[in-house]
Structure formats: C-alpha cells, structure tokens
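The data blocks that follow each hold one structure.
In the two complexes that follow, chain A is the common piece, with chain B as its partner first and chain C second.
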Partner chain A sequence: MPETLKLIFQVLVFPGGLFALCLGLCLKGFERRIRARLQRRVGPPLLQPFFDLAKLARKDTTIPEGAPACLFSALPFAGVCSMAIAAAMIPITGVHLAPAGLGDILVLFYLLAIPAIVLMLAGSASGSPFSAIAFSRELSIMMAYEGPILLVILTIAIRVGVSQGGWIALSLNDIIAYQQRYGAFLFDPVMWPALLAFLVFFPANLGVAPFDIPEAESEVLDGPLLEYSGPLLGLFKMMSAMKAGVVIGLGIALFYPNAPGGALGLMCFVLKCFVVSSLGVAVLRTSMGRMRIDQAFRFLVIWPGILGLVSLVVVLWRY
Partner chain B sequence: MSSLSRFAGKSPWLYRINAGSCNGCDVELATTAIIPRYDVERLGCQYCASPKHADIVLITGPLTTRVKDKVLSLYDEIPNPKVTVAIGICPISGGVFRESYTMSRPVDEYIPVDVNVPGCPPRPQAIIEGIAKAIKILESRS
Partner chain C sequence: MTTTYKLPVGPLHVALEEPMYFKIDVQGETIAGLDITAGHVHRGIEYLTMNRNFIQNITLLERVCSLCSNSHPTTFCMALEQIAGIDIPPRAEFLRVIADETKRVSSNLFNVAILAHIVGFDTLFMHVMETREIMQDVKETIFGNRMDLAANCIGGVRFDLDTERKSYLGAQIDRVIPLVGKIHKLYLTDRTILSRARGVGVLSKSDALELALVGPVARGSGVEYDVRKKAPYAAYDQLDFEVVTGSDGDVWSRALVRIQEAEVALDLLRQCLQKMPEGPICASLLPEVPAGEAIAKSEAPRGELIYYLRTNGSDRPARLKWRVPSYMNWSALPLMMKGNKIGDIPMIVNSIDPCISCTER
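Moving on, here comes the complex of A and B:
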C-alpha cells in the first residue's frame, strides 16, 4: 500500500504534476523574458505564465456548435494527465528514480506522443477549417520526428545494455547509472550524432520555431486551440508547459544526467533545464523563421534520420 | 476563485478586428506590438489569433455595411469578461469616410465601446494609454 501511495505522490506532486507544472511555467516565463531581451525589449514579468493561467481560469468557456462537447472538454484533461505521468517517469539524478511500476522508456515514448494526438483530436473536434489544417500538419510533423527519436533511444539503450551484459537496457535508471559511472554521453564523440538528432527532435516535439507549423498564429490562427477558451485553454497551456519540462528532462537524462545527490542534484537539474530552455527555445525562436510543412517534413525525416542511423551503426560496431 | 480575479489585468490578450479600416490604424497597432520601443508585452499583453482567447478587443475602421454582421458575430464569439477599445476616429464618427454610402452607423450603436482612442491614426502612445485604461476596466469586470 505505501508503494501505491508513493506512486500517487510521485505522479501528482513530485516530480510529476505540481512540480513539473511549476517548472514548465517558470521555464516558459524565463524563455519569454530572454526572447524579449534578445529583441531589446523589456519583456513580461517572469511569472507571466502563472498570471495567464489565473486569468484563463476566470474566463467563460465556449463550446462550438456541432462539436462533440464531451470529447471536446475531456481532451485537455487527457493531455495533462499523460504529462503528469510522464513527468513522474523522468529520473532526477540523486533525487528521484523512475518508479518501476510505471514502465520503461518505451512507455515514456508513447506517453510523449499523447499531447500531439490530443491536439490533433482537439483540432478535428473543433470543427473549424483552420483546426483541420492544423490537424494534418500536426500529424505529418509527428510522423516525421517519431522515427528518428526512436533510433536515438535505441542507440543509447543498446550501448548501455551491452555494457550490462545483455543487449538492450530500457530503463532510464540504468542509463543514468551508466553515465554516472563512465561519463556523460554529452562529452562522448561517439554519441554526438544521436545528440544532434535529439536537438532537432526537441523543437519539433515542443512546437517551437522553425517547427511551430501546426500552431502557427499568423497562418492557421493557433491551429488546434482555435476554438478553446477559458479553463480548457488553460489546461492546454498547462499541458504544453509540462511537456516542455518532460522533454527537456528526458534530454538531460539521456545525455547529461551527472549531478551530485540531494538538494544540490535537484538544483543542478533545474539549472540544466533553464540553460537548455533559454539556449534551445528562446534563441531558436528569436533567430529562426517558420518552415513550410513540406520543408519541415523533409528536413525532419532526412537529417535526424541519417544522424540516428549513423549513431546506431557506430554503437553497434564499437560495442 | 475571486482571488484569481486580480490577475486578470496582468494578462490581457488583445484581439484586433478590422471593421473596414484603411489599415492606417492597423499599422499603428502593429507598431505598438512589434517595435521594441513600445513593448506592450511588459504589461502582459499578447496579440492572440483567435477571438476565443481574447480579453481586450481593438476595433479599427468605420464599420462598413459589408462587414457589419461579421464583426457583430465575431464580437459575440469572444468570451466574457471582455473590454472593447475603439481605435482611431473612424469607429467614433466614420472619419474621412463619414459621408460614404457604404457606412453603417458608428460602432458604439452596435457594440458597447469602453474606451475610445481618437486620431487618424492615433499615436502608439495613445493606443498604449487606451489599452492601459482598458486593463483597469477589465480588472473591475472579472
């Protein structure tokens, strides 16, 4: 029974639910401020994403005519729940181990696909032509990045697995233990192709420029979220904030998890999150325009795919 | 929930409706939003693409007969609480298009306008002042 209670705590409070939400919102506020500074603006307060959520909680909710009300309002909850569970599965070195009861890295991989699916369904449930365009864009961009990221995960899992005497290690805890012992993959040239592939995957998955094609405000009016308002829109904002935390956390776990234990480890994790977010999201957003969907699809299939394959072949050959 | 209402004024999302404007005021609005010098994001403002996300509606243009119904249905789609700001002289009186046969009545005969920002076009500073007043009204409404 205490195991179950512990699991529930991990999903709802730390490092899932509440912690992931606060971390994600802080990352977002920080990123908006950095972006403003890069454009020589003052920028919003650091807590702006929290204010946005508080405001959205007080707004009216409208459900478009002809939309299936039940599906329309259940979708954002599904997205937030999936991200809360996914966040509980991200280990933080020295603080939190991925609970065995929730499953391995493949389960996490599937959970990471849920926000995209939720957005697609939300777009199609809205019944707006703009959302329908966003639906097809979200689908094609997702199909483009899922394959290469699987190659990256496979590469790392095989490398760690071989060292353990087996041939594949699907537990994030093992991956972290390996790196704590033999050094982080970030500093290992053999893993750099995989790292590059992950760095391309990361903005595509988070919907950041140049891959913010499904949610493009100026073309498809926020795409899937076009018809959402008030608290339901707030849930989507929560989902995307938590997703940023989860994807960045996954990147840290896969490539640079090394940290001391205890509170210092937690601080290290948060600091790494902020560095990745300001370099990877804010700078990218400020410096890049938006790709067309066909360009993005080709780019995401070819380059991360090649990089992933190269790293897989190198790892298979060397280990 | 009522304790949340004091945050409403910290995150006003702006939505632009062009009701037949000549684009002069729209250029000024874009200037207000985009140029670093008049950074309205520091007030928490954000231009949003969908009327469903809007808190403050900025209407430009004299409301021509052709767009009248569309503007009214667009206005209805914006969830409460909302505040309306009329930008430029056109929504007030029709401005230079006053005598034209394509004009409807002034905007405030159809939509409750909270703040008027006159000018042809108004300066960015005036628009920001109008938005700041609208934020106060938004706070009192939520």
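Moving on, here comes the complex of A and C:
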C-alpha cells in the first residue's frame, strides 16, 4: 500500500503534477523574458504564465456547435494526465529514481506522443477547417520526428545495455547510473550525432520555431486550440508547460544527468532546465522564422534520421 | 487528402491587418482556387465628400486610410488646383515630396516587417519596426502626428522646415540610411526569408501588364511603371532617382523592391533638403473654384493613385472618385495563389500590401 501511495504522490505532486507544472510555467516565463530582451523589448513579468492560467480558470468555456462535447472536454484532461505521469518517470539524479511501477523508457516514449495525439483529436473534434489543417500538419511532423528519436533512444539503450552484459537497457535509471560512472554522453564525441538528432527533435516536439507549424498563429490561427477557451484552454497550456519540462528533463537524463545528491541535485536539475530552455528555446525562437510544412517534413526526415542512424551504427560497431 | 474543401480566411484573420474575406479552395495543403469577397469596411466616403466643402474634404480624405494618409489629400489638392488654375509655389512642391517620401519609408518598412512576422520571425519584425519608429518620430516632430500628417492645403502645404527642423531631418535620414541598408542585406541573405519568400506567389511580367498592376507589385514583376517618373508631379522632375524593379515576380522580389524604394525615398528626402528653394509655402488667396473636371495621379506607397474631381461652381465637389492601387493589385491574387501552400496565403496577401480601407472606403 505505501508503494501505491508513494506512486500517487510522485505522479500528482513531485516530480510529476504540481512540481512539473510549476517548473514548466517558470521555464516559460523565463524563456519569454529572455526572448523579449533579445528583441530589445521589456517583456512580461516572470510569473505571467501563472497569471494567464489564473485568468483562464475564471473564464467560461464555449463548446462549438456540432463538436462532440464529451470528447472535446475530455481531451485536455487526457493530455495533462499523460504529462503528469511522464514527468514522474523522469529521474532527477540523486533525488528521484524513475519508479519501476510506471514502466520503462518505451512507455515514456509513448506518453510523449500523447499530447500531439490529443491536439490532433482536439483539432478535429472542434470541427474548424483551420484545426483540420493543423491536424494534418501535426500528424506529418510527428511522423517525421518519431522515427529518428526512437533511433536515438535505441542507441543509448544499446550502449548502456551492452556495458551491463545484456543487449539493451530500457531503464532511465540504468542510463543515468552508467553516465555517473563513466561520464556524461554530452562530452563523448561518439554520442554527438545522437545529441544533435535529439536537439532537432526537441523543438519539433515542443512546437518551437522553426517547427511551430501546426500552431502557427499567422497561418492557421493557433491551429488545434482555435476553438478552445477558458479552463479547457488553460489545461492545454498546462499540458504544454509540463511537456516542456518533461522533454527537457528527458534530454538531461539522456545526455547530462551528472549531479550531486540531495537538494543540490534538485537545484542542478532545475538550473540545467533553465539553461536548456533559455539557450534552446529562446535563442532558437529569436533567431529563426517558421518553416513551411513540406520543408520541415523533409528536414526532419532527412537530418535527424541520418544522425540517428549514424549514431546507432557507431555504437553497434564500437560496443 | 485529395478532396477539395473550402477554407475561409477572414473577414477577420490575424494575418490580415484589415477585414477581407477569401474563400479558398484547398486540396490537402495546396491552393486550388480563390474567391474574394470585399466590402466589409465600406464607409460611404465618396458620398460624404459631396456633402463637405473642399477644405473640409482635405481633412476627411486624410482619414480614408492610415498608411497612405498623405497621398489622398495631396492628389485631391492636385486635382482641385488644376481646376482652379492655382500654381503652387516651388518650395511647396518640395515640401509635398518630403511629406510623401517620409510616409513611403514608414509604409514600406511596415509591410516588410509584417512579412517577417508572418513567417514567424518576430525578431526581424521587431528590428524593422524599430527602424521604422525613427521615421515615426520624424513625422511626429515635423508634422505633430505619427500617422495623419495634415501636411496639405489647397495651393500648397501647411508646414515649413526651418533651419533647426531641416538639420533634424537631415540627421535622422543619416541615421536611418545605414539601418535600412542592414535590413536590405538581411532580406537578401537570411535563410528563413529566402526559404519562405523566394518562388512563392510568382506573377509573370506579362500577367502584371495584362492585369494593369501598379506600384511595387508591378515593379516586383519587372514592369517599370512609376508615376513619379512617367508623369512627374510636385518636384519629382527636379529630383534625380531611378525606378526600382525586381525580376522574379515573387514575394521576395516585391519585398526587396519595397526596401530599395525606402532607400530611394531616403535619398529623395536628402535631395529635397539640398535643392529646396526659399519662398512661400502656399499660394495666397483661394480663387473661386469654377465648374470643371480634372484627373490627378500620384505614386502612393502602394502604387498609382488616381483622383477624378468634377466641380459645379459651388464650394463642394459635384463628384469625387478615386482609384486606389490595391483595387488593381488584388485582382492578381488568384493568379499568385494558385498552386501555393496554405502556409503561403498570408505571405502572398501581404505581398500586395492591400489597403482595404482605401479600396472600400
């Protein structure tokens, strides 16, 4: 029983649920401020994402005519739940181990796909033609990045697995333990193709420029979120904030998990998140425009695919 | 997804600055056809002008549209001066050029900035707007307003440049020229701009001629038509400048024409400051306006603007009619759109720089 209670706590409060939400929102506020400064603007207060959520929570939700009300309102909850669970599966070195009860890295991989699927379903449920376009865009982007990221995960899992005497290590805890013993993959040239592939995957998955195509405001009016308002829109905002935390956390676990234990470890993790978010998200968004969907699809299929294959071949050959 | 479906863009759409309604036939992500519905901001201004006297009309026409707000009263004054036989003083001719070209720099930079915003490159948008802001400050300092300059009156202009303002304007021009040069270089080399704007919304020179397009849209397709050169008005015959043309006829080419025209406009401003003679800024005493009719045309930032004025001896127009550049240019949209992607719609619409409130008045 205490095991179950602990699991529930991990999903709802730390490091899932509440913690992931706060982390995600802070990252977003920070990233917006940095972006503003890079564009020589003042920028919003650091807590603006929290204010936005509070505002949305007090508003009414309009459900468009002809939309299946039940599906339309259930989807955002599904998205938030998937991210809360995914966040609980991200280990924080020295603080939190991925609970075995939730599954391994492949489960996490599937959970990460849920927000995109939720957005697609939400878009098509709302019945707007713009959402329909966003649906097809989201789908093609997802098709493009899912393959390469699987290659990256496979590469790392095989490398760690072989060192353990087996074939493949699917537990994030093992991956972290390996890096703590032998040094982080970030500093290992053999892993750089995989790192690069992950760095391309990460903006595509988070919908950041140049891959913010499904939600492009000036093209498809925020795409899937077009018909959403009030608390339901707030849930989507929560979902994307948590997703940012999860994807960045996954990147840290895969490539640079090294940190001391205890409170210092937690601080290290948060600090790394902020660095990745300001360097990755803010700088990317300020230095680039948006690709067209066909350009993005070609780019995402070719480059991370090649990089992922290269890293897999190198790892298979060397280990 | 090979079935065709209709995508409504507008009447209110975040990427369009003004209300305009496109019904777009889409196959997957590709545009198959286009239907334009207009008339959402019709305000009956042509009728209103017939109920006001000439002087009141200058104020009214200034408010037809914010971005070409100086071209309308200037052209109206030109038509009226033709009927009344007023010769405007040489200094006023130069001052009219100064007002016009200041507006042109702002207007062109604004359009080019919006292009960057549409491709999601907000940093470039901010950067161009920051440069445009200097021109806005210039307008506020010299004319007292950021958009509506209130520069014209019948027989001349309402503002003068003393030594202090002349040196201020000169200094600001010197400040803006290198900045616009930088923007020019950015639009020539930036990867996002190149990959999104080049080869998009192509319009051939023959199509541009066929549809009688005007302004930067026509010049972007290689049509060398500029009212300032073909039928010089104000002081343009005394100034030295080249007509800018592009060759590709795509969104990129039109944007580059606009940037280069902003550079030309800055150069014209500088020439005006040097060549402007001393003297009165306005013809004295308005004569009675006889019955008659006249056509005047000028080069607004978006292209040729034509005014037709008929008077009947009273102090009000018997008929006032104008043709704005956007009216000609939006007929090219169906040709430009066909075969492009949905993501390109806002880019293509923006590339003709439509001024809906001018067109629908």
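We take it that the second predicted complex is superposed on the first by the 319 of 319 C-alpha atoms of A that agree within 3 Å, B and C clash if a C-alpha of one lies under 4 Å from a C-alpha of the other, contacts with A are read in each partner's own complex, and residues count from 1 in each chain.
Convention: a contact is a pair of C-beta atoms (placed from the backbone, for glycine too) under 8 Å apart; a residue touches a chain by one contact, two chains touch by 3 or more.
Computed from a prediction, not measured in an experiment: that's the story for all the values here.
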Inset, instruction - Name the contact category of A:52: first (chain B only), second (chain C only), both, or neither. - result: first
Inset, instruction - Answer with first, second, both or neither: which of chain B and chain C does A:226 touch in the superposed model? - result: first
Inset, instruction - Return first, second, both or neither, reflecting whether A:62 touches chain B, chain C, both chains, or no partner chain. - result: first
Inset, instruction - Go through the superposed model and pick first if A:133 touches only chain B, second if only chain C, both, or neither. - result: second
Inset, instruction - Would you sort A:41 into first (chain B), second (chain C), both or neither based on which partner it touches? - result: both
Inset, instruction - Pick one for A:288: touches chain B only (first), chain C only (second), both, or neither. - result: second
Inset, instruction - In the overlay, answer first, second, both or neither for which of chain B and chain C A:89 touches. - result: neither
Inset, instruction - Indicate the residue numbers of chain A shared between its chain B interface and its chain C interface, in ascending order. - result: 39-41, 217-218, 221
Legend entry - Touching residues (chain side chain A, partner chain B) in the complex: 32, 36, 39-45, 48, 50-52, 54-55, 57-62, 217-218, 221-222, 225-230, 233
Legend entry - chain A contact footprint on chain C (complex, rising order): 1, 5-8, 13-15, 26, 28-29, 116-124, 126-127, 130, 192-193, 195-196, 341-346
Legend entry - Complex interface listing, chain B residues touching chain A: 1, 4-5, 7-8, 10-12, 36, 39, 41-44, 47-50, 52-53, 55, 77, 79-81, 142
Legend entry - Touching residues (chain side chain A, partner chain C) in the complex: 38-41, 129-130, 132-133, 136-137, 209-210, 212-213, 216-221, 285-295
